[in-house]
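In order of appearance the chains are A, B and C, and numbering begins at 1 in each one.
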Amino acid sequence: MNNNFFSMFVPKKNEYFVLLSEMADAIVEVANLNIECITAETHEDIVEYSSKIREQKKIGSVLLGKIVRELHNTFVAPFDREDINNLAIYMKDVIDHISSCAKRFMMYSPKNMPSDSRLLAELVKDAAETIKKAINSLDMLKKNPQNITHLCKKLENIENNSDEIYENFLIKLFKEEKDAIEIIKLKDILYELEHATDSAEHVGKVIGTIVVKYA
Amino acid sequence: MNNNFFSMFVPKKNEYFVLLSEMADAIVEVANLNIECITAETHEDIVEYSSKIREQKKIGSVLLGKIVRELHNTFVAPFDREDINNLAIYMKDVIDHISSCAKRFMMYSPKNMPSDSRLLAELVKDAAETIKKAINSLDMLKKNPQNITHLCKKLENIENNSDEIYENFLIKLFKEEKDAIEIIKLKDILYELEHATDSAEHVGKVIGTIVVKYA
Amino acid sequence: MNNNFFSMFVPKKNEYFVLLSEMADAIVEVANLNIECITAETHEDIVEYSSKIREQKKIGSVLLGKIVRELHNTFVAPFDREDINNLAIYMKDVIDHISSCAKRFMMYSPKNMPSDSRLLAELVKDAAETIKKAINSLDMLKKNPQNITHLCKKLENIENNSDEIYENFLIKLFKEEKDAIEIIKLKDILYELEHATDSAEHVGKVIGTIVVKYA
């Protein structure tokens, strides 16, 4: 793109960091939109937020495609190609699970959303912001590896919290809800949020591996 | 097998292409049988088509095993071993999802199948035939890469269509069906068809990667 | 750890074998606890066995982390690193599916458990013990490869049996159970056991690959 004469003298940020950082932005964006979506009061709002989420999901797909192509085409990868590949795939998984939550909410129209859904969506947002911080620290990995390790640990904790909330939600759901169709709906919708934090933890694990190898 | 004196003078088609092509045939076969199965009018017919599908699934397992073993034993792979491995795995996934659809249909005996199931099954058949064309073009990759890229793009479009049909089906299902057990059954059965087109798109993505590397 | 003067003269068992063997022990332990759990008569017992299973799951996570780190840090791996990596992941999957079964049983409190759940849990236990035998034979692979191949074949047979039991269970469930909520519960709980044997078969496939390469 910028291959004109002057760009030769400007140090170019490694393309991988740019793409991964854009993917992290999409994760944060989709996590915020998801909270708007599942707390929206009218069906029109739900449809609107869902379609914005769908746009972010498409951006995520394009970014994943670019990263995978870069891995085949270029010679200079800052880390093991396999780690970058897994990182991109798991980041895309976070987006996919969040967008599945919003889509199911829109399609199923449950009678009402339990307060646990809001709690889980907030945890997902927290995970998204943690991923963004970790990814944006990767290009200065050697300066402060402890900081990145701390963020990976935080993703693990978020997953544990999310696991516990989802578990308690299910116990309550099967104890209190007598309408099987509502059970199907809510179980499916909140499941995606719990899995979004699982994928976020996987992102943390890959980043942890990179820290071990390169810090 | 054909290592007699004369076979030495016959150019041998690369074993990978033969095995992948046989796997593609099994996909097409299972997609056709699935349409017969889910539109069959008697339980005997359903059981019969299910058992034919099960046979194709076994053939797929044997082929996958052969391909994986070839990757360890032989020196000449036409493409990256990892790509061939992924290709075989995703092709087997297509077979597995289609056969799960038929098996669930047989096991669950839903009261009636929605017209969307037929639409999805036709898309799956279209995807199967597209995979077959793409696989059979792989050994002449350099001659016409645009053609293969076009087929990969088609697999992506089929997945998008299938996604939309499944989504609309779910919206209708939760709006109209009041019997929770029927919801469980139909949601599960059609889910497998939607996922068969997902796996078909994955096949397309791997083929696209091979085109980028070798065309 | 044992890097004192004398340990230099003691032949050290390859660390991978030690870790994989500990993972196999955790699988056997969790399979046994699961049988206790799903046949327990009081809710207190169910909660107690569930929490013991959770402990084993944590041990599995720690072992998986150690194995993955060893793969990056050390030079001497007895087999292809990718095979060891897949082996550890699939072994952990066996633990995860078994512990999901127990957790769901505890959370959902189904009215009663079908006899098929006991049959499946026994098959899972059989698979766990078979994995343990195969793993513990890996360090003497060249002495008796036929024995290991036989154990891998056994894991495949167990999966086929488990598939058939789960299938018949579903047919009966949808024919006889009229309470949709009970269907959701039992289908989900037994699904995990069927998937535990799937993962056990994957373990067998990876071991089979190792035998082909190194025996």
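In this text, contacts are C-beta pairs under 8 Å (C-beta built on N, C-alpha and C of every residue); 3 or more make two chains touch, one makes a residue touch a chain.
All of these numbers come straight from a predicted model, not from anything done at the bench.
J.: Nearest 5 degrees is plenty: how much rotation brings the CA atoms of chain B onto those of chain C?
T.: About 120 degrees, rounded to the nearest 5.
J.: Looking at chain A with chain B, do both copies bring the same residues to the contact (over half shared) or different ones?
T.: different
J.: How many angstrom lie between the centres of chain A and chain B, each centre taken as the mean Cα position?
T.: 29
J.: Out of chain B, which residues touch more than one other chain, so two or more?
T.: Those would be 180-181, 184.
J.: Inside the complex, what are the residues of chain C that reach chain A?
T.: Touch list, chain C to chain A: 68-69, 72-73, 103, 107-109, 179-181, 184-185.
J.: In the complex formed with chain B, which residues of chain C make contact?
T.: It comes out as residues 167, 170-171, 174-175, 178, 180-181, 183-184, 187, 209, 212-213.
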